[in-house]
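Naming follows writing order (A, B, C and D), and every chain is counted from residue 1.
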Amino acid sequence: MIRVGIIGATGYAGGELVRILLNHKDAKIVWYGSRSYIDKKYYQVYQNMFQLVEDICKDDNLEELAKQVDVIFTATPQGFLAGLLTEEILSQVKIVDLSADYRIKDVATYEKWYGIEHKSPQFIEEAVYGLCEINRDKITEKTRLVANPGCYTTCSILTAYPMVKEGMIDVNTLIVDAKSGTSGAGRGAKVPNLFCEVNENMKAYGVASHRHTPEIEEQLGYAGNCQVTINFTPHLVPMNRGILATEYATLKRKPDGTLPTYEEVKAVYDKYYANEKFVRVLDKGSCPETKWVEGSNYVDINFVIDERTGRIIMMGALDNLVKGAAGQAVQNMNLLFGLPESEGLELVPCFP
Amino acid sequence: MIRVGIIGATGYAGGELVRILLNHKDAKIVWYGSRSYIDKKYYQVYQNMFQLVEDICKDDNLEELAKQVDVIFTATPQGFLAGLLTEEILSQVKIVDLSADYRIKDVATYEKWYGIEHKSPQFIEEAVYGLCEINRDKITEKTRLVANPGCYTTCSILTAYPMVKEGMIDVNTLIVDAKSGTSGAGRGAKVPNLFCEVNENMKAYGVASHRHTPEIEEQLGYAGNCQVTINFTPHLVPMNRGILATEYATLKRKPDGTLPTYEEVKAVYDKYYANEKFVRVLDKGSCPETKWVEGSNYVDINFVIDERTGRIIMMGALDNLVKGAAGQAVQNMNLLFGLPESEGLELVPCFP
Amino acid sequence: MIRVGIIGATGYAGGELVRILLNHKDAKIVWYGSRSYIDKKYYQVYQNMFQLVEDICKDDNLEELAKQVDVIFTATPQGFLAGLLTEEILSQVKIVDLSADYRIKDVATYEKWYGIEHKSPQFIEEAVYGLCEINRDKITEKTRLVANPGCYTTCSILTAYPMVKEGMIDVNTLIVDAKSGTSGAGRGAKVPNLFCEVNENMKAYGVASHRHTPEIEEQLGYAGNCQVTINFTPHLVPMNRGILATEYATLKRKPDGTLPTYEEVKAVYDKYYANEKFVRVLDKGSCPETKWVEGSNYVDINFVIDERTGRIIMMGALDNLVKGAAGQAVQNMNLLFGLPESEGLELVPCFP
Amino acid sequence: MIRVGIIGATGYAGGELVRILLNHKDAKIVWYGSRSYIDKKYYQVYQNMFQLVEDICKDDNLEELAKQVDVIFTATPQGFLAGLLTEEILSQVKIVDLSADYRIKDVATYEKWYGIEHKSPQFIEEAVYGLCEINRDKITEKTRLVANPGCYTTCSILTAYPMVKEGMIDVNTLIVDAKSGTSGAGRGAKVPNLFCEVNENMKAYGVASHRHTPEIEEQLGYAGNCQVTINFTPHLVPMNRGILATEYATLKRKPDGTLPTYEEVKAVYDKYYANEKFVRVLDKGSCPETKWVEGSNYVDINFVIDERTGRIIMMGALDNLVKGAAGQAVQNMNLLFGLPESEGLELVPCFP
């Protein structure tokens, strides 16, 4: 039985880790870390856990925790883990970090977009970017530190990945227009996240400046083996869960000047995803809907080729708290411990 | 492996049966019945099931179905099963009926409130009212026909049951003010159920005339061993899932003229529910919230004693599609086949 | 032109006052008071007011304000106005107080339910309870201080008033089960009011202890000329605006032992409301819906007589920010200045 | 007093026409046309109109109606008006058509995208495209037929118009990613529009094939005096009202190779909109939110220049039923009768 510690267990991603791990047959949470609710029963913070979790919330003591568990999930603000991580800790425990601290390989890029100094850049190289479908072979029992991808980035990257990898699109025409449910904004008590401010409303935010942009660019750059600069625009939608990414790019034409056909593009997607349990490329003509993946670890993807403009419109949908956070973190944990990748993640999407 | 057939598999309750049974280790759905979508892939109706269910929808052939499966769930309109059920069918297969056809023992009451003739009253006596927590001992491997309780009724009855059973309240003062999410209205294409009609709106409906009234009255009458006549008022709430019942009744005073204390009432609730997995009586001061049980088979219950008015306010919350329909149906199936009652129902509530 | 000052202009009720008064032809807001946003442009707090309001937010200086305006609306926390009000202020300006400070005539009751000391009880007697339909003749150009009723109370009282006034019901059987949209919880940044906590959720709160209880009891007591003790249970509903009150009471039987008929009860409602512009008693069989009054100053009311239980179920719906707060406040202002009562309030409900 | 007839008065756009015209001091609705509800009281269809509208719904008799009114609004399905319009009718009455029948000048384009034959192409040339801010001088007391723009198109065009008109962007890089509330889908009883299907969900639809595409292209083509081919992707959002368009285009560089500055672009927007009452270009850094324009005739617009990609991201928000339909139709009516353009449209956005 894998002993699990969670730091940030009372945020939405932390709560989702608990929901998923309670049904994981090889893992057991032994430390519910929550600086805000120390000594409070966990179920008093999340009453859905009444009679399911009897533990109390503990302080964020990373050193102590490292001695007691096999893996730590940090669902914490940016900079938290980077400020505390040491070689000694990493020598004792595996860490799956749900923050952005070790996602971006270039420290300067991290510091520019996040506006904070990185306190432990020495671990960045070691950290594996935990997008399982792409980096699976790098996430092994020897891996110590996994940088769990962001919610928007998971969706944005997986939706476009095969096309970039196979050089089917002009990557610098890529525009990602993404829409997210409000749980992505976290559980902080802020006026813009109040029910009455979000409900019956929609807006873009972080236009041309959202921090997930360089993460998408870096990963797609690896895929395409080139420099990638994109537009990424997130939007806030009045729903709890779900991210939908609508992505636009100019298709590269074939030598005869024609566009690739539906079948040719589909074959590219199938090449990468036909055997992926958690990526579902939908039937022709079906557009992904966030509700169809709610509560599950799936990413639903599809595309339309527009003959008029020569562009491909790619669409991806996932549950930002599952495949976009806690589900993927558990998927990474499974890989780290040599378990079946889908253990604990056989979650059937909940509709309606 | 129990072979399962569902008639009405493309309604919301039917869809929820599929969601739950896909993770049930002793049952397998072999017949997805849906008159409206015959020959269509099931996942094309509920795209969340893409790559999870490959079956096509079949016609509602009860006789044929009875030969192929061990248990049939009928998630069908009132009168459907009553119009088709025969001794021959019942001799071949167990049936869990999610409609109201066999819930009410008095045919005249059924016919009056439902406005239709009952076509097979000869099976009413045999049918067991499948409120597992109360009738568990009557639902055995010998049982052939279970009348799965209504969503409002399950919530309304369980919330007040211990108080009625122990004679703590004047049952004829009982008022049930219930609020339901919109999935309770079904998947029929009707203007009042359109998003724009329901969203940002709230209303009572079926005032003094809702069909779940006699069902609640009958069951509470059995509990209290008396005639019960109540007010039951359902309301439509702009959310997908969840029922909240707020119930009011005058407490019987003790011989010394005082009201029972919190501890005395709590002891009564504990007597019936302390060992019930799916009924959670909350800590003092916590009010049930529908979100805390969403996606799970729990009923959350609590109460407040109002010294000023001498009344008790009882509150119960459940997910209308789970404990209020499909979950309870599976709970009944488990009892019918001698399985652990919670098999397939270890569903952790999903928040947010 | 009436010069208006608002203290608490950046709360939801304050914002609604601005929305309504901008289209009031005899009033002009000259002071946007908001302690939290001093010196900020009002439209930067409520961007809907961009290009409509150029004023900046000012501090809450009641004394100074009293010299500059004809009427002050205080949309402030309980205790604020009571702590500042003086005879000198009242000699200079009229005040419509949207808080509870002067609603309850008995200081002890106020202090018990609100848990704070009342700092200026000397003005309580003078204050008129501004439920216009009932106290219209007391709200005149001589009135200096109006206690604007609470949102729940306006709905709860108006729904039952004719029945209580005419002695048609046993008032001590009255149970008010009320449901409110989330704007009633205000704009404070609190976790329970976050989108993800409220959306897809429903709960009761303040059970047997909500502060609007004594206010309802006092006013219905005046109407019935008797002591009234009721159960009042508020619920939080995932919508922005709207209150629905479902009220239950035992009908008094006629000398012949029969219940009053629909027509007899309707006549009682018509006696009080047939000429009231803002109270609409619906056609037989129609249940009030909050959406049908959204954005307007209407209260929609109807009732059903349940022959089985001898009870009447009364239902009322209003927009908590309009008739439940700002709209009624403007209605009071109109009376205070001898204007047509509906000036500025010809708001057509907005659907969908 | 302008006598108004509405055909399609019981759809959502028709209902909004009624809401707006009830407060229009120079117009009076004398014909509530609704084929589906003939002889039913209008308020029984839209109960918000109880005591406000006593009229009954009448059949869609265009010829008869033409004799009785000064202006007809047709809020009807595509092809309806085209199938009935005659010179005789147009010689008697002005028509503001809210359908697409006369929006597109090229019949072939209309027939291709709408898939129906145009029955009266002879009136297309005469029809004025009623985007008031752009075609104001063509909508005069002599105009007989106005093609009221679509909801998506109004938002999409106005957001990009100044940039296209002044040649600031490469129009063929224009991508419009639009999101709409559900009232845009109309009041038809269809499963995909049910509350439980839309709520907590988001999807794209009509990808690369939505009918508003050629309308946007045609109008922007006139503005830029060139052929325009764009990507337009609509999305369904779980809210009642509101459209948000996020638009991407490559900025043309200045002769020195630099991008235009914020101030330069702002000056271009101001050139066209500084004096437009209903177009609000927000302060730098503010992103339009649909809630800030709800219930009003405003379009809120802003933009961000992305130095990294050389693109401009333009954003526009409007209420699809007001500026996107009924409000703009009334704005057109005002122009047709020489009234102040904003008569009846001084609607303050409603928040929250």
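A few points about this structure:
Methods note: contacts are C-beta pairs under 8 Å (C-beta built on N, C-alpha and C of every residue); 3 or more make two chains touch, one makes a residue touch a chain.
Which protein is which chain? UniProt says A, B, C, D = N-acetyl-gamma-glutamyl-phosphate reductase.
Given the structure is predicted, the values throughout are model-derived calculations rather than measurements.
By residue number, over half of the contacts seen at A-D repeat in one listed pair from A-C, B-C or B-D, namely B-C.
Counting C-beta pairs in contact across B-C and across A-B shows that the higher total falls to B-C. Note on chain placement: the centre of chain B and the centre of chain D lie 46 Å apart, centres being C-alpha means. One finds 37 Å separating the Cα centroids of chain A and chain B. Along chain B, residues 12, 183, 196-197, 199-200, 238-241, 289, 291, 294, 352 each make contact with two or more other chains. Per the touch definition, chain B reaches chain A in the complex via residues 12, 15, 19, 22-23, 44, 46-52, 183, 200, 240-241, 280, 282-283, 286, 289, 291-296, 300, 346, 348-352. Against chain A, in their complex, chain D makes its touches with residues 172, 175, 177, 179, 181, 196-197, 199-205, 207-208, 229-231, 233, 235, 237-242, 244, 246, 248, 287-291, 294, 304-306, 308-309, 311, 313, 315, 317, 352.
By the touch rule above, chain A contacts chain C in their complex via residues 12, 182-183, 187, 189-191, 193-200, 238-240.
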